[in-house]
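Dumping the structure here so I can ask a few things about it.
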């Protein structure tokens, strides 16, 4: 049943920096409703790939499409509007702002009020603000930070900052959520909860793509895994297929 | 032709001054990521120091030169120790405002020491102007050009060849990393401050004979030097040099072929155009190209 | 708890702002002295004007007081610095009028600061005697505004008349890019035709520029018979040096803006032969004894040099004259500002440093063309030119 | 108390404080100083929005102050237009210039942005000075008419004080609303992490430009008020040093704080008045105070004084 286009499709995507080929002819696609894993040794091009998908980088060649709509070369805000959002490897919150405000900013593309309406405060804007605040509170409930709404986000413990960043990314109602090493810096208990949360996110109908070094987490939550090495696609498949893939083992052990 | 050569001489002379000032800005920036808005005041201190030591006390020129530069560097040292080091969580703009305060302080202090009137000193050497294709070149201009180039080349070797220079460069690239590898980064920052202010004073010393020295001469020179440093790409030695000469020559040609009233406007329009086309200056790269 | 902190901080902020505001609450006491205000550019770009003006005013007031004051009352000088900034000048005049309750004001030193404060003096009905040269100050006449500095009109006329005697027809002009230079350029352009002189090249320089060879090269290329440089120190000294360097070989005229020994010191030997118009103060020793101003000039110059141990310039004379005119007009007014103003307007043949003043309701500068003499720099000193 | 009630109380307090000062201050000099504080606060407020909230530095903001002042001066004095008609035109002129200059300039960042805006400010200053047929050149522009509503002359001391502070209060209200809105949150987000702000879909260029234009418009408004108060303008009022003074007001008062803008503007307006007593020492003392404040309170006066207060209170409660 392939009458519907894939959620995300990359066709022959390449990107080079100076002489370094960060991504070399990457092609893959997947459908909605999955948790995709993206793994590979350091410098394999995972973060570059994220930056290409989210529009931070424009690929040198190749095409990226979301639900059949080409997105390469579009402005980031348009791509977010179409339904891709992300988190960062080193949590990047708006630290001086409150927890709930972080999420409200996360919903920027789904709200409309501009400069003039902010000054005049027409009723429509008041209604929008109210709805926005309610939605933000719901998301805080979802990630379990409901009672932290008014704290300064920079003051949260690190683990909670991760959760807040995920909630912020969800605020734009994405179809596809890209998580860049969400478990880095978390302890085992927190990582376990994170795994549950990622499952819950998928159950909301949001497709998740995950870069992660924690293999246990990756193998347990992902439905499909893509392996990158030195900018090339090395393998793609189910977790257990990847675990037994010789090329992957070689790449990770460094004798490939 | 004669006029053109004369404009060129004027441009080269001023350009060399701007270049020396710009190098001071640039080297401090690359070590500390700070723009010292009091830099022009160190140029002023250099010029007025020479007025006192050479013009007033009649010390031999090399001694007066060295003492003046050392004196200004000492002021730079004290400035770093008392006003820059002591700020706890320094936001760059806070440091900038501190340097603005310092510039007012230094200007006020110089006004009390040297008075409100301008002073002048004779040229380094008393030769008559040299005739080149009908245009006149002052011996002092040659002094200025030679000293500027010698300083630039000297600094280049300092960064390339000496351990201190390399250490300073390392500090500039990664303070924390340099500290981890045993380079005393605080001392490097201090050294950068001292060298930068000394360079400013050098610019003041060499320019003193061709112009008039007063307590408020530094502001405009500092601004032009800053402009030259940004034009070339802040943090780059050759950029500062190129920026200084470009600015000087463009100004002189603007006077000659556009309008003397719009001289400064032409220089700043050029600056804006270059920044729009290449947002990191002529020689700068996005992620801070060092020396 | 959080709530309270927030309210408190709001409260604190408001209190802080109020505290800043409430700082000024003293009011001036009425005293048995005549207060005279002074607003000068004591620091900043125009300090070469403001500094001697302030000193001259203080000196003059002291000597009037030593002589018993005016109608038995002492004078008191209240002097503020404008730094050449119109906004600060406006603040200063308001303070003088409203807080210090002065009877009259001497200054400001520059044309823009004077133009900025004029409406405030007029509104308050306080006579003001400006020390700035600009023509706009007294043309058109503002009933409350006078000035003692010679107008640029007269300086330009003096130069052009001299040029006529030398048969100079084509000139290049080089003016400083500020109010002084602009006013000079306007007058040079306006009067050149009357003397059959053409301006072949007009250029400008910045007040703090370090090198003017480019401008002079351009002027040289136009082949004029003479160059007029219109500026105040230190720029013209650089022009003088550069002109020597370029071997311009034509007469150089400077404006009265450099009429102080400082110019000779700065320009050194390059100043030799330079011609300029100046008030008579620079050459008071060379004046014939018959000159009506000789006595006044000698007294001022000697007192000033004695009091401050520095050579006298023409600029302090503006304030000196203003104080003297005020002192003369104050007699018998009993401190009435309106009467004071009327008295100033009635002053006739007052011999001052800058010239002989005769004010009328239509003439608030009061100087005639003979306020200027032409001098030439020879052997490092001024020589009168006939 | 709800936040909105709290804000209402703060405004009522501010309004009554201004009214009280207006009635209590009998000396026109004090009213004049307060008027200048108001005008400078307006300048600092607009720039604070740009610097404190959007995190963009401008070293050329005096240009917009000047454009506002010169536009209204030319329209009212040369062309005889009513000041109330020239007001929107002065603000619009500055906004338009800000838009055109901002588009390429705001692509720069850090010191390059500082340099770009500085260059623009210098060019504007040279235009004010050299376009003498229109602007009156270096000697300045005389005869700008006073403001009046019917028979009521607003340019007298007390009335102008109320006018300026009334305008300032409205401007504060507007800034507050912007800061608390979607736009304001996005701005603060840019300031905290431009990278992350972009990633959540904040169009940073667009927003920066909006704030730049807004703060230019506020500066032009201040220029309008200055021109019709002093009735004389000259290029020197709008030079590079004024731009630096504006930045200093913002930083000394405290970035990202509305009260900070007013505190900084007050201090920088009053300081020279107090320091007159020091005569030739004035510059030295002024410089020292500037450095001292920044060394002791790098977060600015507002934060610094609040910290002092809270520390004192803690000690008291213990």
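Chains: A, B, C and D, in written order; residue numbering restarts at 1 for each.
What we mean here is this: a residue touches a chain if its C-beta (ideal position, glycine included) is under 8 Å from a C-beta of that chain, and two chains touch if they have at least 3 such contacts.
Everything numeric in this text was worked out from a predicted model, so none of it was measured.
Across B-D and B-C, the chain pair carrying more C-beta contacts is B-D. Central chain (C-alpha centroid nearest the global protein C-alpha centroid): D.
Centre-to-centre spacing of subunit A and subunit B amounts to 48 Å, using the average Cα coordinate of each chain.
Per-chain CA centroids place subunit C at a distance of 33 Å from subunit D.
As a whole-number value, the distance joining the C-alpha centres of subunit B and subunit C reads 35 Å. With touch defined as above, residues shared between interfaces to two or more other chains in subunit B number as follows: 111, 261, 264.
Residue positions of subunit D touching 2 or more other chains: 130, 280, 282-283.
All chain pairs in contact, by the document's touch criterion: A-D, B-C, B-D, C-D. Touching subunit A in their complex are the following residues of subunit D: 174, 177-178, 180-186, 188-189, 191-193, 195-203, 210, 214, 256.
Listed in rising order, the residues of subunit B touching subunit C in the complex are 3, 6-7, 9-11, 13-14, 17, 111, 116-120, 122, 129, 135-136, 138, 207, 210-212, 214, 216-217, 219-221, 251-252, 255-256, 260-261, 263-264. The touching residues of subunit B, when paired with subunit D in their complex, are 29, 35, 37, 83, 86-91, 93-94, 97-98, 100-109, 111-112, 223, 226-227, 230, 234, 261-262, 264-265, 268-269, 271-272, 275-276, 279-281. Only residues 3, 5-10, 12-14, 16-18, 20-21, 23-24, 27, 42-43, 80-81, 84-88, 90-91, 94-95, 97-99, 111-112, 115-116, 118-119, 134, 136, 177-179, 181-183 of subunit C touch subunit D when the two sit together in their complex.
Considering their complex, residues 1, 6, 9-10, 13-14, 17, 21, 27-30, 32-34, 36-37, 129-130, 132, 137-140, 142, 226, 230-234, 236-237, 259, 262-263, 266-267, 270, 272-273, 276, 279-280, 282-283, 302, 305-306, 309-310, 313 of subunit D touch subunit C.
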